[in-house]
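See the structures that follow.
Both complexes shown next keep chain A, but they swap its partner, so chain B is in the first and chain C is in the second.
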Partner chain A sequence: MSTVVDTTGGGGAGANRSFLASAMPVLLQLRRLAFLLFFVTTLLFFLLRAAGDPALVLAGTDATPEQLALIRAQYGLDKPLLVQYLNYMWNVLQLDFGKSLASGENALLKVLDMLKRTLHLAFMAMTLSSAIAIPIGAWLGFRPETLGRRIVGGIVFVFQGIPGYVTALVLIQFLAVNLRLLPSLGYGPLEWKTWIIPTISLAFFMMPQLIRVTAANVAEAMREDYIRTARAYGASPMQLLWRHALPNALLGTAALLGTQFAMMMGGSAIIETIFSWPGIGWLLLESTQTLDFPVVQAEAFVIAVLVFLINALVDLSFRYLDPRLRNKEA
Partner chain B sequence: MNAPSSATGPVVRIENLSLAFVGQDQVVEALRGISLHIDAGEIVGLVGESGSGKSVTAMNLLRLLPRTKVQIPEGATVNVLNQDVLKMNETALRTMRGGEVSMIFQEPMTALNPVKRVRQQMNEILQRHQHLDETAAEALSLSLLKDMKISDPARVYNAYPHELSGGMRQRVMIAMAFSCKPKLIVADEPTTALDVTVQAQILNLLKDRAKATNTAVLLITHDLAVVAQICDRVYVMYKGKIVEEGATRAVIGNPQHVYTRALLNALPEGKAPKSRLETVAAAMIEGGTAEAAAPAPVRASRPPSDKPLLEIVDATVSYASRFDMLGRAIGYNTAVDHVSLTINEGETVSLVGESGCGKTSLANTLVGLVPLSGGQIKYRGQDLAALDAATRREIQIVFQDPQSSLDPRWPLWRLVTEPLTVGNSPGRAALCAAAADLCGMVGLDRNSIDRLPHEFSGGQRQRIAVARALSVRPRLLLLDEPTSALDVSVQAQILNLLLDLQAEHGLTYLFISHNVSVVRHISDRVAVMYQGKIVETGAAEQVLTRPTHEYTRTLMDAVPSLEKVFANR
Partner chain C sequence: MTDIAPPASANTATLDRYKRSRFKNISNFEVIVAGILVTIIAVLAIFGSFLQTHDPMQGDLMARFTPVGEKGYTLGSDNLGRDLWSRMLVGLRWSMSCALTANLINLAIGSTLGLLAAERPGWPRTISRQITDTLQCFPFLVVAIVVVVIIGHGFWPLVLTLGFLAWPIYQRVVFAEASSIFQRDYVKAARIAGVGRFRIMIQHVLPGIRASLMVIFAFHFAGLLIAESALSFLGIGAPLGVPTWGNILAEGRQYMLRAPWMMLVPAGAIVISVVTMNLAGDGIAAMSRKRGRSIDV
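And now, the complex of A and B:
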């Protein structure tokens, strides 16, 4: 045994320190978030400045030089870039991203409003895909060498190559056009019929990868010594899989779910466009095309916070799933 | 004490069992007509080297081998508690597994489920076989853990496996094995992964509990000294056959079969230090008589000089273990604690100690893998940190596990010559020539330089690792448990090789090991390490036979030794 030089919280003096110790991971995470947001906003500020003159966008293409100058003065665009940047950062610090150039709405509120819808879609799609993919993956990984499973595995592999919009178009053709069961597009917060095809399309797109990762992790867990132990103590095949192998295999699945969720935040644009589901992906396309820079900036900020939160959540789920990771920082 | 088993006859009766593994395009025979029996309450050893079929025999008792891959010819009987397991279905087998027959496995680190508390794992078994409710299961589990001489059973019961030491986990495993009052426990290398002092405790615990509950034990091991310590009877296996059987004392004291004799002769224990050990392969090839393979004497080794080659002065190695908000280290674990040691040119100095005592950290520091936190290391009078590359190369290291220390995709010639390509790039032809020479030095076939690591046996792989270290003509070799992962007979080969190389090239060795009899065999001087400190240094014979420090005495008492066992009986 090695000697621990540091003495932790021995006795009454430890009360204050143990609070600090338990708050430490949170503080560390917040520091990381602050760095992340600083870099994202800074980078975006300069990138957008390089992409186009905001005064031109504001004034329109047929504005006279006088009008342009007026607008520059009004928005502070005539000041040195560094001053503009500092002003901008000061506003960001107060969560003020300005008004949308297209609609005049508060940019941040507009983004948050769209975010609700994307989260709605993402949440439904992820629930559906996990509910189907994890059991299939577990079944596939349990005895990967049997014929039936190899065939299913092959099918999953092929489906991994099908883009989400193809599924979407097929479903629209079949369920909306041919059978007239469901609406082909549109979004109503309470009209569940409009949710079905987009949810299935997105879930279908995510499932193959989730199945394959779960299967690979379960197959690996099944080769571990503790499975042999459980077998030697009379566990049935179902107990081996669900009670012993799967809990160990879910770590990889959780990591992938986090990645998939983060990707959906920016990458749901195609599905949202196909179904006229006005979410954050659709807004991103729209605002970038029209150089609606307050919205783009607010959106990048929100997505950065969101992805950060997802990662923190995945981290937390790791600690829940694997006790060995719990005492790392605390 | 329980009443003796009501069933008459032996607990296990295996007759004429052969078994083969069926692969894609080949059939590998693992067992060739073995017969054995175990009576109620008896502790029986099954000894052999890796690949001899001993674990297969054990796994087959509960039919734990994949049925689709196993072929058992007609005419075999495997009776466990008067039931023919070869004819039982899975459901019946599941009732037996963990109930009347339970198992203890080698690796306590991996044999328990890492995401479940001990509580869940013990209760699951009690609920399955004894149909106990949560409260009853808890009460019984706690008393079982207490029987294992665990001082705080409640903590262990609620802990996750990673929160327990290796020895503690193995106690949990044994408590699980005894939990459903089995008639038979199959223990597959239960102490191989443990330190000697822990091994001694675990073996005594297993023996005491088995005798107290009249449980039969089949103990599978490669270590004859372990068998000598606790077994009533022993079977010796070689290449899928049982070659010798009898009372432990008779088999070890007066072995009849040539293989048993060869195995005993391969042990360094009781042999003259630095003498050439007999290898099993040689004995078996010589057509039956072990005496025929008279070991050639090791070349007369040069006497070590008294010129210091390496001087370790007050060395400290610590690892940061806790960090503050800005990522600065605020807590340290000290692995090596103010250690001083001098190694003379041509000398073999051994560092003995248990896992975690800091011996590997010290070795890693010597080759620059881990920075020194305090003190100084001097090589040939110069500070180690200030050495030029050419001099630094004179210190090389060989790691414990040749399985994982060699890149599986590299052919032999590339593996052994990699150190030569640091800083310059000789052509492939030159490297292959160098590789062939190195093969000659370490006793590998010169024509095998294009083969990959998996095509070699464990012993051959360790030869490759030694060849790699020799490629840059080192003066000082650090050998970190070079024989711990090897069979006894292979260990003998590697020890012979190391002694030969030292005699021929005047090498200096720092030999790191927990195996006292190996250390006694190869060393001039011994340093005993405990909790990061060197507690005792001196001539090998003196330290190991007349230890002065309390820890060294504890260590020496725990070492399973054939001589000691027979002296005490």
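And now, the complex of A and C:
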């Protein structure tokens, strides 16, 4: 931020204005985040209230009316819905989502505890998928018209139609059931064998799209003038690809990785359920089905903030990857 | 398969009509393959009840776990001796009608909001963009899981959830493309000539984004198929007794070792139909690129 102020120079007023100008995108982003969180919490509050009575969930089905009344009074559930809503929003502002109805833990802490395992899975899957997809995509996009690349492109296209849970089931069938090489479910923080199939299934689902986008971007970059210039200066094909075309093409890939991360937060619900991987996707299904209101709320909140942060990070990495954006005046 | 030959005994008038018809331009290999596959899927979905060889719900316990193709069970039978082929046909109809209805709802909401936002700056634009932005920030499947679990099993809960949550892609593309069309001279001319707002949107602007809408419709159809079968697979989409692809897959998973086809048949069906839709989208996009329109989805 300070560099922006320095380059514009001028008097105090000018520096001030440019500071505001550079802070403006951040403020706008924060407004977006506030709107998003407001929308999510409000929607979920009323949806969950429409779904069932939290007092019933707390007390169990065989509770007497007196017990129910006691619980209602204790949790403020006897007040009008609007008052409850305002109370609730006030608590959310202080990041207090209440206690899990199932286990009595702090809902937010429980979600954050689960989150690290999901991030673990997401990180492994994204690393694997980019490590494979970017070289293949670059190779495909370098000279798209040859026969071998067309065949590989076709295979990638078919793979794009395979949902992650189908890959997961097939891998379980072959690696865990037939060959008995790996455990078919479960999670151990240090047992790397349990990580393999979930990671591959998730990565497989994201890879084809990543390959196709990288290939399309590399192919487009190869048609640019600066490639022709570099070629005229005698750059080798490898230099052309790795030094000139790929850095430009990676912009699109970075944007897609952000989108895919958001998708993965949903997709992990399926993968985690298949593998009994105790992350937030698994928790989401579990807590929604048992109507564990505070946990569902906290979870939605955490996912919204997380996806938002990732998107902001992608925007930032754009500035790092593309000097043209870095120097452009806002 | 590059060009369909004109009818041999054509007089000039029919030849002219043929040249102007859009079928002449279908020269794209992907579109032809996808067209054939979509036709097959549509026929199976519409006339599926006549093609069933067995009762999809009633099993023959003597014929449990029949492998593919044996004893008249085209795709084998499941753990209760029910015919998989007949069950897959029921599931096909369910999945297709679910994805189609949800897609149409998405199309309607998304393009309406997109057009309203693109027309001119003002409160419709602010509201439309704000809602889209919010929905897009949030992983769609997460919301879908919560909503579906809460409002319950069944066809309409599922369709409406998908229909009202998955439209942002339409809004985004319609907004981007319609914004530039609203600036064209012919739209301005129409406005000066006194054509009404909504007539301009529908008759003058919408035809210009038809190709993009077709492409998204196809890709989005594939995405909805995956979402629908995933939710059913998790046991929160279709009601448990209904033989949808997701449900059959979830049942087959329990008998992975004994009868792998119980899992591979629905998995294959899902993959084939998703690839078909992707193929259609890709082909249509390639075709319109050839005509000088670029489509970014």
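Operating definition for what follows: the second predicted complex is superposed on the first by the 291 of 330 C-alpha atoms of A that agree within 3 Å, B and C clash if a C-alpha of one lies under 4 Å from a C-alpha of the other, contacts with A are read in each partner's own complex, and residues count from 1 in each chain.
The rule is simple: a contact is a pair of C-beta atoms (placed from the backbone, for glycine too) under 8 Å apart; a residue touches a chain by one contact, two chains touch by 3 or more.
In this text the structure is predicted, and so the values were computed from the model without any measurement.
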Between chain B (first) and chain C (second), which does A:265 come into contact with in this model arrangement: first, second, both, or neither?
second
By the touch definition at the top of the document, which applies to A:300: first (chain B), second (chain C), both, or neither?
second
Which partner reaches more residues of chain A, chain B or chain C?
C
Taking the superposition on A as described, I'd like to know which of chain B and chain C A:225 touches: first, second, both or neither.
first
Does chain B (first) or chain C (second) touch A:322, or do both, or does neither?
first
For A:234, decide between first (touching chain B), second (touching chain C), both and neither.
first
Looking at A:158 after the superposition, I want to know if it touches chain B, chain C, both of them or none. Which is it: first, second, both, neither?
second
With both complexes overlaid on chain A, does A:24 touch chain B (first), chain C (second), both or neither?
first
What is the contact status of A:41 with respect to chain B (first) and chain C (second): first, second, both, or neither?
neither
Across the two complexes, find the residues of chain A that touch chain B and also touch chain C.
none
Residue set of chain A touching chain C in the complex reads 32, 35-36, 39-40, 44, 47-48, 50-51, 157-158, 160-163, 165-166, 169-170, 172-173, 177, 262-267, 269-270, 273, 284-285, 288-289, 296, 300, 303-304, 307-308, 311
Touching residues on chain A, where the partner in the complex is chain B
1-6, 8, 24, 27-28, 31, 224-226, 228-236, 243-244, 247-248, 321-324
Flag every residue of chain C that touches chain A in the complex, lowest number first.
130, 133-134, 137-142, 144-147, 149-151, 222, 226, 229-230, 233-234, 236, 249, 253, 256-257, 260, 263-264, 267, 270-272, 274-275, 278-279, 282
Chain B residues within the chain A interface of the complex:
62, 64, 94-99, 102-103, 105, 107, 110-116, 124-125, 128-129, 160, 162, 173, 176, 318, 321-322, 325, 330-335, 337, 356-358, 531-532
